[in-house]
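Look for chain A in each of the two complexes below; its partner is chain B in the first and chain C in the second.
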Partner chain A sequence: MSGFKRDHKEEEDGGGNPFQNIEKTTVLQEARIFNETSVNPRKCTPILTKLLYMLNQGEQLSAKEATDVFFAMTKLFQSKDVILRRLVYLGIKELSSIADDVIIVTSSLTKDMTGKEDLYRAAAIRALCSITDATMLQAIERYMKQAIVDRNPAVSSAALVSSLHMAKLAPEVVKRWVNEAQEAVNSENIMVQYHALGLLYHIRKSDRLAVSKLVTRSIQTLMYTNVSLQKSSYAVCMLIRIAAKLIEEEGADRKSSKSQSPYFQYIESCFRHKSEMVVYEAAYAVVNLNNSTSQEVAQAISVLQLLSASPKPALRFAAVRTLNQVAISHPAAVTACNLDLENLITDSNRSIATLAITTLLKTGAESSVDRLMKQIATFVSEISDEFKVVVVQAIRALALKFPRKHTVLMNFLSAMLRDDGGLEYKASIADTIITIIEDNPEAKETGLAHLCEFIEDCEHVSLAVRILHLLGKEGPKTKQPSRYIRFIYNRVILECPSIRAAAVSAMAQFGASCPDLLENIQVLLARCQMDSDDEVRDRATYYSSILNRQDKALYNNYVLNTLQVSMPALEKSLSEYINLNTAQPFDIKSVPVVAVSKSENDVKQKPEGMLISSGPTKISPSRDENFADKLNSLPDAQSLGPHFKSSEIVELTESETEYVVKCIKHCYAQHLVLQFDCLNTLNDQLLENVRVQLDVSEGFEIINEIPCPKLPYNETGTTYVIVKFPDGDILNSVGTFGAVLKFIVKDCDPATGLPDIDEGYDDEYMLEELEITLADQIQKVNKANWGAAWEEAESTFHEIEDTYSLSSMNTLEEAVVNIIKYLGLQPAERSDKVPKGKSTHTLLLAGIFRGGVDILVRAKLALADGVTMQLTVRSTDQSIAELITSAIG
Partner chain B sequence: MGLFQKLVSFLGVGKKDVNVLVVGLNNSGKSTVVNNFKADDDKVTDIVPTVGFSVERFQKQNLGFTAFDMSGHGRYRDLWEYYYKDCQGIIFVIDSSDRLRLVVVKEELDLLLQHPDICQKKIPILFFANKMDCREALSSVKIAAALGLDKIMDKPWHISASNALTGEGLQEGVEWLTQQIRELLSVKV
Partner chain C sequence: MEACLLEPNLYCVKGIAILDIDGNRILAKYYDKNVFPTPKEQRAYEKNLFNKTHRANAEIIMLDGLTCVYKSNVDLFFYVMGSSNENELILMNVLNCLYDSVSQILRKNVEKRAVMESLDIVMLAMDEICDGGIILDADSSSVVSRVALRNDDIPIGEQTVAQVFQSAKEQLKWSLLK
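This part shows the complex of A and B:
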């Protein structure tokens, strides 16, 4: 009976897919048939299809396998079968990045793209684009130009889109196609217009003036002359996006309000466009502009309001989703739509209903929470996980806004936890509960209780591990820690090894923080030492022996606050140490500490359309560990010791100047490596021997300068200066350096970028002063248990205390933000969050000074006519504690 | 092969398809030669250096030719060998006015003849001493001597002086090749 059932099931899911059980080796074997003298399309077509299917399923081919099958496939060019040929194009695209010598098909493809068979042409262009590298682009340039202005819209579109892709390889070559693109913009075909506008924008996007000209001209044609152009809603949507970007870029220098901008007026004029897509795009663009006033978004919001009453579900959905997104930034404006949103609560499309309710929750008053939550409960089981996550996020926002509602919300969340759902959904619930716990001490015990209950029956290992970790951290601080032990120990009995190991670690936290539980914990840990899994046994043995010592300092360093080093760096240091073969013990202090990752609620990049992303001129070096390689290649770098930390980017010029210089300060134990990224924005100049001359503060010493040999137009080059901190004089290690950019200018022809004459002349350019701050020299460290570390430091560290009056600060929040920024320390135990309506607050901070000196800081703040602060610094080094107290003031 | 087909191909009435490989240094006139063989409708007016290869078809005396016109550029010569396996004939085009590179031609020819996919096969090779119209062109006899063609014992070969622009000499050569391939096919059956 059961056998019968299983068969039946297999039949069901195997049903439609003839390729389900294909195997790589078989397919590659079968593909040899392509090599036969006369091609049989009836046989080859299914085999090629299988190959494509397999590649799309993520099957990996080695370079040899890919090359063999690629060359076999090239022989199919002899067949005239249209379907087979089009499959070949697809095959070329799939294999182009893995196989060698793929340029072999260039002539075959150029022949097809210019040939008589229209069914081949567009597809051949796309395939050609995937096999062409920068060196080959010249060879096909002529064909691309012709294809862009081809009368067949499919060909023209394919060529335009392919050009866009190729612009990544060889922007300079594609720039030469601007006239063809310009011609294509005037095409009758709406797709061609759209793609042509996209390419034109891409070609010009690094030049703001050219972009604004492009937009202005397109707007004029759209509005006054060419009626047919108006038809391309796609092109109009793209124009709106470009215009919105221009408005943002103008932002900084704008004196009058946004509504004076012609671009803004253009976008608003699109509210009256025939196409709903355009109307929506315009409204979306306006509400997403940064720093808009409620007046500026008012009209857009009423457009969205209208759309939200449309009979078309897609429009209603788009409109409420957008309202939902802006509900936080413009609550008052969105409140105006409340009536319409109330109507949508009962929408038969559950996604729309969910968005409507969650929008109302975000903007609503405390009194409406209960009613809306009840409403959601009626259909939460019917919506997909993705929308459940939206509901959860709304609840999180509510809980932060109305802390008193935590019981209702928490109950709701725990009910959601008990339902079925995927990892992402469950994780978002757990995250929300954790946020609520951390934000609202009153909710802590109930929240933890819900989580305990949840892990009793949690199918997601990663989530269970996180919750166990949280229980270990928060449980010991509750009124009755013992009640959590049972939940944790149950996991040891019932779960898989990774959860058991996490449970052991959690129990050890209780042992280290709660002396009266220690004895029981030791008994449990002893049992865990008999576990079948090594990791679980190892942890149990490790914790049990540390807890046996009864030594607070050991608890602190090895149980409560664990190692903070960066793991890749530790691995590297250890392998270097092993190779050294020395008798010296390994110094853990020589390993760079890990940078504390930014919390997720930091400014998220707004998602942008593919085309309307920031231009190529933007200097955006990647973070710390990536720097290391680059820095290590510098001449003196090896002698500087391990890299300690890198600062944020500091701009030393205004953004719209001839030369743009940005600095990153890389700190080492005794040295600073200053990395200056320079951009030359003058197209008639080639700069050589570019360097930064520094006027350093007293005690600092310039060790070396590494100039940038050549800086052509529109390229970013890097020059370095290596500076040594004042010897043995930590108190003087903050300062201000004067900076001048020095270089040799060679005038050159803007078209070719080649210098007119060999001789150049010296020139210089004043930069803004460069500050070397405390924060540059301090790495943030996350202390999971700050209190324990502080207590231990009382007897072993140096302490300095001072009182300040921060008269320029008006609120506690402002003071907290500024202190953190100024000192560059990591806030612990969420003390960076100031509870509402309090007049005193204590900020707890931790970090490491270059050279590996620990720092703990407690700042007691009181609000009284400005903010007064009592600052207590504990550090292993007296002079660093002095430096910190003296730097403030 | 079924009995009927055997009969048909033995009698030489059925239309057969054969693959030929067109090789030679760049600029020797391969694409021009192939273009000349094509039906008037399919001919192209402007020929550019080939990148990789291009597949062309033409008919000669009831035989359907599929020609793999390879690029002769140094960068792509290594790729010829991918197409050695399944061809029934080779057309080797030489620019007879390019005395300087005749040694390179010999080198490439020797590599071809030694290739495992070629050396065992009794495959006919047709040489075109192309660009015979140029003033400094060498005669086909001299070219045959320079390339040491007389040492090719195990394969039928033939050399024709040609002018691919006018078509002079091409017909004679390709007739020979057709004949050879036809013989080969009937022996195989």
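This part shows the complex of A and C:
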């Protein structure tokens, strides 16, 4: 049946497609015809085409197959047929990376490249460069130089472009061709100019003076003498990019304003260029220069405004996209284009329309919000979900910018929630509402009401579960918690098991936080114990028995602030526990605590202009777990106990030095594993036995060093040092270590990387000092109900209080950021956001010290000539509390 | 969207593709090793791209962080891709050059069957337009002059009956269309 269908299809295609259903083995078989003594182009051309088509379709050849076919192909050089020869060049380029011994065709190609037939020469150069490596390049250098200045533009372009490709492999050789490239810049042909300019810039880009000379000279030729350069839009675009980069690099040490710079004047002069491509390029460059004043960008923006009314979609798109980018840095300047942007909202190209809306939302003033929302409402039903998500993201940004407008925005969002839409769209709306609720206490009650209404009729289980969770968290803190109970209990009656289970958990939160509702909750939970689903019954029984005890500590640990260990790690520890010894009780403390994820921030940074996401992102194991696996493979690491935390990367050298060393500090309960990633940037040295010698502070003890046996050029090797923290002396567990990189150097040949002599000599390299800070030893922990934990800790924890004056801080925000960074604790209850215009603030922090000791910190900040801070630390361990208070100051 | 100055280099084009009416690849080339390194990823992207573009004839789209300009005719879709910050008009020029070259090679008969028949020349044209991501030439007439090598004046005796018939049909068609 399927065979019949295919036949039918082929008929429809009109006589069949010669390239349908081709198979690798058949094509390779057919390619043997190339080996025949007399080459028949009429037969060989279709077969070679078939082969190229097959490669283009993504078929993979093994090295042997490729080599065989490659050698067969070289036989075709006998033929004089032009097309066949050109196809052979294509084949050489395709196979050059897979087949072996491809250099065999060098002489044939060199012959073609220097021959008389112009149709061969350009393509032969490009094919030749694809099989050439750094050492071979010197052999053909003479021909390349000639080709660059050849009178035939195609040959010259091909040589220039190939040189640019080769510059990656053999920069030194290509640098010697600078004079030829210089000559080619003055060519009559526009593409040759473009390619020559590109090559010249590439050769000279590290030398700013030479680049500025290049630009100045090119600008002069362009303005006064050579009219043809004016025509080369590509070269002009390239020149604009180079000039913009020069302006940027000069930016730091320039005193006068940008508009004085000749390069800036040149870019501005390009606004009057004939080609729209150049005009746009110039406008793009100007608006993207750092620290431009609004005066400087004004002209560029009016150019973009003109372009945005073009009949060409690509031009409109380019203009709106650029305006969208500028809207962040120069909202006021873009406001002038609002009228044009509003026209684009109805553009038939939805990418353009969406960019226009988001730009408008970014630049919109508070007063225009109402009008804009009305406008969006008119067309929101017509666009696809993907674009709606972009609009919702823009609304979120708007809500954060104008908190007072929350009612309008919230109403709009809830209307959007009621419309049809996919999960992703609904989830983004719910996310936005949640963000607004969290950011703006005034909006909380209305937001929760909208969400309650939404779950009444929500087809997406995952979303309903999330909202119920949020209701459980936020509901009890509102003025009238009881009104949410009805919505939640309705779910228990009407929904599927997973939603019912979530609803039970949410009710329990109310029970634990609002004593006056407890009795009613108990009744509802008792009913849920009769549920048909076991998960729901289990949860109901569990919560109702905890709530029965009426014990605050139990509430805190098992209802309000739940388990904080990392789930994969818990699973691993549990399965290990079952396999080993079950006589002793399982110790939950031995499971690493989950690091507070940064996903929340990531969502905000997600580029909103990207209209369509690239599918679901892969869920990768967290960074810490990656390290844990790697570290476990080290000898000794097993005995250190579970991995606690890894620090951020610390650079111990400047990034441009001979050896680049970066350090990651992995913390264990009693030990510290220091991972040094070393990079050798000297191509004439091979390093062996690379290790870091540490000069540790008092009390620390070096347990083991694991050197990196070999470190060739441009590779990263890793060496480890295991250090033990001072025994029982927590107060001394912060310190500064001196560090020296030690290694054996063997001089080697830069080209091959093999050492010249067997004997090396010892050498060392001073590194910057390595600091072991408090934050390295503390894992951030998210306390959902910080207040409850704090109250409970009052009686059971040790408390230390101290007052500091932080004279170097000028604002509360700065102080908050620095305290969080310094202590490495997680801010709770969004206390890291300082409300505007307040002179006092309380920062609430929570974390766990290595070894599993809880820490709670309250920092009361007051602003008066610097920041004054009263720090209260509560911890189960007296000395840790002391350490924290002593560490500040 | 990350706004930044464009690095001055010649590597503008990330990929060129010609797809058929079912979204299958006829020819495609990707020039950046970091953009869709495996055939599988390329296929997935082409599928996605085709689904987003085959209905709306809107000339330009942003997909997976690439700016993609496109054009279609009968049963063919031409795409040129560049980074999301690339000058769209440069990409557009490349696309126009690709389309015009193919159109001239196929004598305005831009459809899948014709492309398949002259696949070798179309491949050469693509190779002449872009080399490893650098625009080699964006002027269709000069591209065609470098690849339109097929000698049409094959003596009548060597042409098959079908070829004669086909060329006669085409000439008649064009004379009628005028």
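Criterion: the second predicted complex is superposed on the first by the 530 of 889 C-alpha atoms of A that agree within 3 Å, B and C clash if a C-alpha of one lies under 4 Å from a C-alpha of the other, contacts with A are read in each partner's own complex, and residues count from 1 in each chain.
Keep this in mind: a residue touches a chain if its C-beta (ideal position, glycine included) is under 8 Å from a C-beta of that chain, and two chains touch if they have at least 3 such contacts.
Treat the numbers as computed from the prediction; the structure is a model and nothing was measured.
Asks: Between chain B and chain C, pick out the one touching the greater number of residues of chain A.
Replies: Ranking chain B and chain C by residues of chain A touched puts C first.
Asks: Where does A:E456 make contact in the superposed view: on chain B (first), on chain C (second), on both, or on neither?
Replies: Neither partner.
Asks: Can A:K111 be said to touch chain B (first), chain C (second), both, or neither?
Replies: first
Asks: Could you tell me if A:T74 is touching chain B, chain C, both of them or neither one (first, second, both, neither)?
Replies: Touch status of A:T74: first partner only.
Asks: Name the contact category of A:A285: first (chain B only), second (chain C only), both, or neither.
Replies: second
Asks: Can A:E571 be said to touch chain B (first), chain C (second), both, or neither?
Replies: After superposition on chain A, A:E571 lies in contact with neither partner.
Asks: One more residue to check, A:E276. First (chain B), second (chain C), both or neither?
Replies: second
Asks: If you stack the two complexes on chain A, which partner ends up touching A:M136: first (chain B), second (chain C), both, or neither?
Replies: Once the two structures are laid over each other on A, A:M136 reaches chain B alone.
Asks: In their shared complex, at which residues does chain C touch chain A?
Replies: Per the stated touch rule, the residues are 1-10, 25, 27-29, 39-40, 42-43, 52, 56, 58-65, 69, 84, 87-93, 112-113, 116, 119-121, 123-124, 127, 131-132, 134-139, 142, 146-147, 149-150.
Asks: Taking the touch rule as given, give the residues of chain A at its contact with chain B in the complex, in rising order.
Replies: Spelled out, the residues of chain A in touch with chain B are 35-38, 71, 74-75, 77-78, 101, 103-108, 110-111, 136, 139.
Asks: Please give the residue numbers of chain B that touch chain A in the complex, ascending.
Replies: 17-19, 50-55, 57, 66, 68, 71, 76, 78-79, 82-83, 85-86, 88
Asks: Can you tell me which positions in chain A touch chain C when the two form their complex?
Replies: Within the complex, chain A contacts chain C at residues 13-15, 17-19, 45-46, 48-49, 52-53, 56-58, 60, 82-83, 86-87, 90, 93, 119, 122-123, 126, 154, 157-158, 161-162, 164-165, 191, 194-195, 198, 201-202, 205, 234, 237-238, 241-242, 244-245, 248, 276-277, 280-281, 284-285, 288-289, 312-315, 317-318, 321, 324-326, 328-329, 348-351, 607-612, 614.
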